[in-house]
Amino acid sequence: MDTLQMLSFGNTGWGLALLKAIGMTLLLTVVSLLVGAVFGSLVAAAKLSRQPGLRWLGDSYLVLFRGVPELLVIYLFYFGGATVVSAVGHWFGATGYIGMPPFLVGALAVGLLSGSYQAEVYRGAFMAVPRGELEAALAIGMGKFMRFKRVLIPQVMRYALPGLGNVWQMTLKDSALISVIGLVELMRASLMAAGSTRQYFAFYIIGGIGYLLLTGLSGRIFNIAEARVQRTQRRSPLQH
Amino acid sequence: MIDFAFLLDTLLKLLSALPTTLTLFFSSLSLGLLLSFAIVGMRVSRCPLLSYPARCYIMIFRGTPLIIQMYLIYYGLGQFPVVRDSFAWVVLRSPYGCAVVSLALCTAGYTAEIIRGGLLSIPYGQIEAGQAIGMSRLALLRRIIAPVTLRQVLPAYSTEAILMLKATALASLITVWDVTGIAQQIIQRTYRTMEVFACAAFIYLVLNYIIVRAMRWLEHRLTPHLRERPVHTPTKAKLDAGSNPKSLRSSL
Amino acid sequence: MNTQPKAALSVSNIQKSYGQAHVLKGISLNAHKGDVVSILGASGSGKSTFLRCINLLETPDEGSISLNGETIEMKRLRDGRQVPSNTRQVEQIRSRLGMVFQSFNLWSHRSVIENVIEGPMRVLKRSRAECVEEAEQLLQKVGLYDRRDYYPAHLSGGQQQRVAIARALAMNPQVMLFDEPTSALDPELVGEVLKVMRGLAEEGRTMLVVTHEMGFARHVSNRVVFMQDGHIDAQGTPAELFEGLPTERFRQFVASHQLRSAE
């Protein structure tokens, strides 16, 4: 039982390393999703804006980040970021090449990609909110901020939930690409384990199963959340 | 400020890898499409022995990152002497072959779900109308189910095609020198990230644009029934009469 | 020519259940050549299911169907239900039964003329030129010749239903089945469809019409069948039914419909 031994949690096994790596994958995905939420909502707002300039900016963001291979975006931040950081470092007297921390690069690159998916989700959700509900808020004298916070945001989040479930899955899979710049997440850990034990097949399968578990479980969680939201959405005021 | 000579030089170098990217794209997309027909056929079957494996296939290939699938096929399979001795080794020994196989396998899973969605959205009454005039199962499939599904799935498939184009970049990780691979090489040699990125992005965006346009054109050709109502002038209707149905048929 | 009145369509003891619900409890019906039979009944009385059983869009659990003396072959499954044993025969019988649906069911990806020629060309394997010529005559008959190159989405409901009737006629069916052909139409569009149907009745077409149009049942058909809870409650000539009001249920049904049309 070679493989079992290699998977053990002891000094010789890869079990603990893989478990940690799963944690890293989750952390990276969550942070990227948050970064993406910021950029995504900004871009959605830009695209919905009345200013042609802003709309153009939003469009460009989407065309770029949805059209260019993810790998290129990661290289841009990894190598480009390092160049910028090194240059700044030289001003302050540092010498040589200063790299960017891979986690930061990953969160930025995957986050911006995630933002391009999220922008469309938010925009669609915003368009789906019945205009009448906003008018109703206006009619009872809610201010702009209040309307935004009490009516618009909760409704948008409801309509956005199914789309966000998809974005989460895509972001989770995109996070595996950060392995190419050396962040030890699940993909990288599988590569390392495979390389050092020469059991390529076994460890890629194990890594794959790890991803399947993550996508499967999170998919289920999103389904439950969606069912919840649907329930509150369908309930009529007469049912209380 | 802008170093045009460098940009031009980079662009030319990247363009030399364009054929690799394009052949990767077309071969894996067409293979994946063929495979997806088989998978969706199994998936919608009433027999669990057929539908269950198809379900698993779709879940596995959509639930894991493409990068791990590619590594598994390239590094993982070569580990077994059985594979190395089999006829499949002709394909699997080369990085290019592995890239095509893994891209095709992956897109087949996504495409199968897209087609299934299209199948489920066919208004059932239109199938019943075919049954009611005595169409055979094959005729129903050929004359109603297939054309309606094709029209339904085109927008989603267009998105999938673009995702595939982007996914071909992963082949560079298993040493296929496509546009992204060359770009990475130049970046590492020159550290002029922005310029190289701009050139590579430009190439991919142009390709995207061509794909989107081609798909839109196809969609436009195939969906005259969704366009605006024709201006009602009987003489014009007569003029169109001969050409319109025929051109539609030939495009199917 | 047939001298003795042989039934064009003969249906006997049709039964159908969905789970616990016994929707059809043994319906028998004969239609002779040239008969126009109106099938009335409240919604849920099983009249549409019955019509759909005739061309096997629904498979009856029990009973037999024959068209001009040819009986549809059925075989029995182990669980007691029956299914058609000869798909070719079913397809062939269907091609001789014209069906007009409540929701038109025109093929949205084909133009008006393509909808009409599809059946004769693909099922009856006739030449295109011949089909087009005949289709044009049929479209003229339903008053839509000038819309021949339109797509269904560009037509009103009444126009779509008239195309659907032309599509059914193009198969030159021996019996026409109408499944509530005017129920999905706006009131002002009902008339144009009924007019076409009346024309067909006057031509001597054999028709089975599931409908809510009391006027049609009373003045156009020569037989009326009233269905209730999955069986036939009353049947006879329009005069026998509408003047005789043979059953309490039918009396109530007529009264409620007169109320509705008076509104």
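In order of appearance the chains are A, B and C, and numbering begins at 1 in each one.
The rule is short, and it goes like this: a contact is a pair of C-beta atoms (placed from the backbone, for glycine too) under 8 Å apart; a residue touches a chain by one contact, two chains touch by 3 or more.
Predicted model, so just to flag it, every value in this text is computed and none were measured.
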Checklist entry - Does the chain-touch network form a line, ring, star, complete graph or other? => result line
Item to check | Chain with minimal offset from the mean of all protein Cα atoms | outcome: B
Item to check | Most distant chain from chain C, judged by the mean position of its C-alpha atoms | outcome: A
Next on the checklist: Using Cα averages as centroids, what's the distance between chain B and chain C in whole Å?
Outcome noted: 44
Checklist entry - What is the distance in Å between the mean C-alpha positions of chain A and chain B? => result 24
Checklist entry - Can you give the whole-Å distance between the Cα centres of chain A and chain C? => result 56
Checklist entry - Tell me, which residues of chain B touch at least two other chains? => result none
Next on the checklist: Quick check: in the complex, which residue numbers of chain C touch chain B?
Outcome noted: 55, 57, 87-88, 90-99, 101, 103-111, 113-114, 118-119, 122-123, 146-154, 164, 167-168, 171
Item to check | chain A residues touching chain B - in the complex, by the definition given at the top | outcome: 63-64, 66-72, 75-76, 79-80, 83, 169, 173-174, 176-177, 179-180, 187, 190-191, 194, 198-201, 204-205, 207-208, 211-212, 215-216
Checklist outcome for this item: Per the touch rule above, chain B residues touching chain C in the complex are 123, 125-126, 128-137, 139, 143-144, 147-148, 151, 222-226, 229-230, 232, 234, 237, 240-241, 244-245, 248
Checklist entry - What residues on chain B touch chain A, complex-wise? => result 59-60, 62-69, 71-72, 75-80, 162, 165-170, 172-173, 180, 183-184, 187-188, 191, 193-194, 197, 200-201, 204-205, 208
